[in-house]
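Presented below are the structures under discussion, each in the form of structure tokens.
One chain, chain A, appears in both complexes that follow, with chain B as partner in the first and chain C in the second.
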Partner chain A sequence: MKVSFPHMGHLYIPLKTLFKGLKLEVIAPPPISQKTMELGVKYSPEFACLPLKINMGNFIEALEQGADTIVMAGGWGPCRFGYYAQVEREILQELGYDFQMVVLEAPDSRISELLLQLKALGEKVSVREAYQAIRFAWKKLIAIEKLEKKLEYCLPRAIDKNRLESIFERALQAIDEAESQQEVEKIAQESLREMEKSPFKSAEVLKIGLVGEIYTILEPASNCYAARCLGRLDAHVSRSIYVSDWVNDHLFGGYLRKSNHKQIMQSSRPYLNHEVGGHGQETVGSTVDFARRDYNGIIQIAPLTCMPEIVAQSILGRVSEELEIPCMTLYFDEHSGAAGVYTRLEAFVDMLQRKRALPSNSQLMEARA
Partner chain B sequence: MNLYLGVDIGSVSSNFILLDQNGRLYRKLYLRTLGNPVKALKDGYASISDGLDKQHGKIRAVGSTGSGRHLAAVLLGADVVKNEITAHAVAASHLFPGAKTIIEIGGQDSKIIILRNNIVHDFAMNTVCAAGTGSFLDQQSARLNIPIQEFGDYAVKSGHPVRIAGRCGVFAESDMIHKQQMGFPVEDIIMGLCEALVRNYLNNVGKGKKIEEPVVFQGGVAANRGLAKAFEKILGLKINVPAHYEVMGAIGAAILAREQMELSHSPTRFRGDNFVLEGNFTSNSHECSGCPNLCEVVCIKRDNEVLAYWGDRCKKWESSIKQPRDRLKVV
Partner chain C sequence: MSRVGIPRSLFYYYYYPLWKSFFADLGAEILTSAPSNRHTVERGIELAVDETCFPIKVYLGHVAELCREELDYIFVPRLVSVEARSYICPKFMGLPDMVRALIKETPPLIDITVDLSCDEKCFQKDIIRVGRLFTRQARKIQLAYQHGCEELRLCRSLASQGFTMEEAIKMWEGEPMEAESETDLNIGVLGHGYSLYDERISMNLVKRLRAMNCKVLLPEHLGSEVVEAEAATVPKRVFWTLGRKMLGSALHMSQREDVDGIIYLACFGCGPDSLIGEIIERKVRDNKPFILLTVDEHSGEAGIITRLEAFCDMLRRRRNYRSESKLSPYGASLHSFENTV
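== the complex of A and B ==
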């Protein structure tokens, strides 16, 4: 059995580790490139959202490289995502690929269901070995996210941004290759220290919250690398969701660690009191949360036609006005020109900088008026 | 005489202006880019700088904006490279202190900028559709065989604009053809189109934004008096069109360049006449095979000297050239 899976940010590293731990041969899809996009767009329904199209590109490229089993997440709720694994299987079968698709359904409450699903994949391993594989993959995921957060903090402050990014990329590769938890720990510690040691500027940086649909937030290739771009524009970006949050909340039902998910959902009141599917309520809740933590601005990103985010966008206007936090929404699909995205990001950062630079001036003018 | 050059290289037009020390417009030039920004830059620069020496004018700083701003910055040596939104907002608040809303419609994009206390408070730009921008109007004027310059004059002659479906550019066109076949006068159809475009703009770009007076309407499309009239009718507000509506982006870039010079006291990065006029600029692209991203890297050369690379995600190529910018950015 040669297992593959869709890309979502750096998730491929822990996933590779997990499947190796289950004694399966892994074929990770090649990194998302223009070719991936073209393949995905060609074989996907036009009205589906960008995540499905990128998934399709990943699968086709992996199958071409010899994969015969695809592991995909399922799910429930009003967002179309829960149906994607099924649609993708049908399309790939019609294209004539011979493969097996394993859909990991999020368990309603019991963690044992997920363990059983994973165990079913790894026929050759004991429950104990399956548990260890999950543990090791989780450790890698946590280490990667520590590095990601450090990069988000350091990139806007650093003078040499290229160097910082190359430390990060090197660390990722080393973690990918690491064979033991101690090794992962060591790489993470050393890289974190190296990033902190890079010379910083003295100026205060802007803080921007990135909220919206999960895939668009987690997969840089789907958002024209917006987070890196903002970092290079000297803005400290915090995302409303990280992979580990999603794995913890949705796959493990909050079993792995304490979650602030409930609190975020609470924060969406009184602006949005109901679940609207996908991460719509989380988007509103996180925006409120970022505003309370004195962030300078919010950028909402989502794939074009994403219903939950459209609902959230219509509510963000009121949140923005009442909590006095600027919000901008960007939708992405395969037509998104990177240049147009950068123009908007640059303009947004400019706006926040000018706003921050001139508060005394504007108060003066208000007093005069 | 100290002059500041502002350059706005857009999809449809390339605009050049010279601003004097007091912020007054000294010269302006509006050219069609015609798909060749390098040529537009050379021609535009040659004509805007023509005879400056005799008048003792000297360019002290350069600002660039528009989708071709990076190219302009490389060819001319710009002190400020700014996005269109900031540039337009700066120009409008300079010429109309206290303006609260800017409607800007250009060749391929349209934006709304909300100003409060002369700084940008909120903005939006068209996302996935370019219906209602200059390119679409150009196309329709060609189809109706009416020069684009006269398009607005036809529109304001209309007594009873017809209703055109403006949800989508393609459907608007078929609706216009339908109305023509039914025998409606061309003025009424053109005015109907203007109103449809305004509705489209307000629904797509202006949605959720509070449009308050004073409203400034700028960008190349503001030349169309029919559109200004349609905005007034639908919004019920007075629309101000600045005298230099078509070069506002370039004015903003020049103002920012002047600001930058006054703040930094560093020498300008402007490369002078000979650099841009006598050089032979070429660009080529190649697919970088350094990693699986396979970035399309563009290289800009002057004769045999490489001026800039862009398009690489890892900045390996971009940073291989020492930019003076890096030196200045260090705080």
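== the complex of A and C ==
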């Protein structure tokens, strides 16, 4: 059995570790490229949302490299994602690929079921080994996210941004190859320190909250590398979603560590009073939360036609007005171009900078007094 | 007497008789917005964020129109789920909040939450909560709701005799309806009811087909057991109520001798349509001629009419050919047709 899975940001690293730990042969799909996009677009329903199309590209490339089993997540609505695997399987079968698709249908907070499904995949492993595989994968995930957050903090402040990015990329690769938890920890510590040591500018940076649909937030190739662009434009980006939070909240029922998910959902009221599938309610809640924490602006990103995010966007206008925080929404599909996206990000950052330069009302009052 | 406004849009086409008699029994006066027209559409487009699907834009237009009237309430339900383990669409789940955020100064909204995905208890409570706006007698509220359900059944049985829900609602309100004239083709038509029966969104699809001598077969004309049984043949249950009904109807129609062809009306930018349309097309196209019409606020009537005419012509040619030669012309002729439209 040669197992593959869809890409979503750096998730491929812990996933590879997990499957290897389950004694499965893993064929990770090649990194998302122009070709991946083209394949995906060619064989997907025309009006499907972008993540499905990129999934398709990943699967085709992995199957071409010899994968025979695809592991995919499922779900029971209300959004399209729950039906992705069904459509994808049908199309791939029609294309003539010989494979099996394992759909992890674990509903929210049913870790026991998920474990059973994973265990069923790795027939040859004991429960103990399965548990260890999960632990090791989780460690890698946490290490990667520490690095990601550090990069988000340092990139806008650093003078030599290229150097910082290359430290990060090197660390990722080393973690991918690491064979033990100690090794992972060592790499993470060293790289974090190295990043901190980069010379920083003295000017204060803008703080921008990045909210929206989970895949678009986690997979840079699906958002024209918006977060990196912002960092290079000297803005400190904080995301509303990190994979570990999602795993913790949805798969482990908040068991792994303390979570502020409930509080975020609460913050969406009175603007949005019900969940709307996907991460629509989180988008509104996080926006309110960022505004309260004095962020300078919010950027919402999502695939074009994304239903929960369209609901959220409709509501963000009101949030933006009442809490006086500028919000911008960017939708992505296969036609999105990096240049166009960069221009819009740049304009938004400029606007925030001008706005900050203006003395705020209270300062004005003080000056007048 | 309280006046309650009901937008003539979205779930109006599935539930209006229920809501109308419910509120009327509680002593309210009901006002509906006018059928969708140019102004409704323009107003909706102005209010909505660009990426919103056409039906939601139209809905916002209806609500805005009602906001101009002297009303005590506007009825904007939050439809999460109308049956076990199913949803409608994420957008319906946030509808009252979208309305509040996008339209300033609405009369108070009656935003009852309909969520039957797990059990009915919450819903029953919410009915009482809404009913209390009009009366303090819980019993009266329950009776009004039961009466509403009966009226809805009545209206649906009218529709099942070959009418659209829009026509059935008119008949239910006492308007006479003409029987269908002569027809020579039988066409299955699928789509979300709020698109199909809204004359602006569907650009009068059903009436146009009838004018072309077609008998139109709709999901509402089929027994729900048949539809559900067919829908259950796919590997994973479709969790969108309307999507599942369409899939079941499509599978059923594709096996029926007396159905000449199938049309699916999709909305541009609609999430569920983008997947369900694809699945239906894959399942149906080998058995029946099939076209998928995608509409949005920019669609022109002329384009639609041309496609419908071409489709009907093809079906007629195909039938004559078949009755002459007794050969099945599936395949080549069908695909060459698809390429020409």
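Going forward, the second predicted complex is superposed on the first by the 355 of 369 C-alpha atoms of A that agree within 3 Å, B and C clash if a C-alpha of one lies under 4 Å from a C-alpha of the other, contacts with A are read in each partner's own complex, and residues count from 1 in each chain.
Operating definition for what follows: a contact is a pair of C-beta atoms (placed from the backbone, for glycine too) under 8 Å apart; a residue touches a chain by one contact, two chains touch by 3 or more.
The structure displayed is predicted, hence computed values, not measured ones.
Of the two partner chains, chain B and chain C are each touched by A:331. Contacts of A:273 after superposition: chain C is touched, whereas chain B is not reached. After overlaying the two complexes on the shared chain, residue contacts for A:30 are found with chain B alone; chain C is out of touch. Contacts of A:90 after superposition on the shared chain: chain C is touched, whereas chain B is not.
Of the two partner chains placed by the overlay, chain B and chain C both lie in contact with A:304. When both complexes are overlaid on chain A, the residue A:66 reaches neither chain B nor chain C.
Comparing which residues of chain A touch chain B with which touch chain C, the overlap comprises 304, 314, 317, 331. By the touch criterion given at the top, residues 45-49, 74, 76-80, 82-83, 85-87, 90, 94, 271-278, 280, 304-308, 310-315, 317-318, 329, 331 of chain A touch chain C in their complex.
Put simply, chain A touches chain B in their complex at residues 30-31, 33-35, 159, 161-162, 165-166, 169, 201-203, 225, 304, 314, 317, 326, 328, 330-331, 333, 335, 339-340, 343-344, 346-348, 350-351, 354-355, 358, 361-362, 365-366. Listing the residues of chain C that touch chain A in their complex gives 48-49, 51-53, 78, 80, 85-91, 93-94, 96-98, 100-102, 113, 234-236, 238-240, 266, 268-275, 277-279, 282, 294.
Within the complex, the chain B residues that touch chain A are 67, 82-86, 109, 116-125, 127-128, 208, 291-294, 296, 313-315, 319, 329-331.
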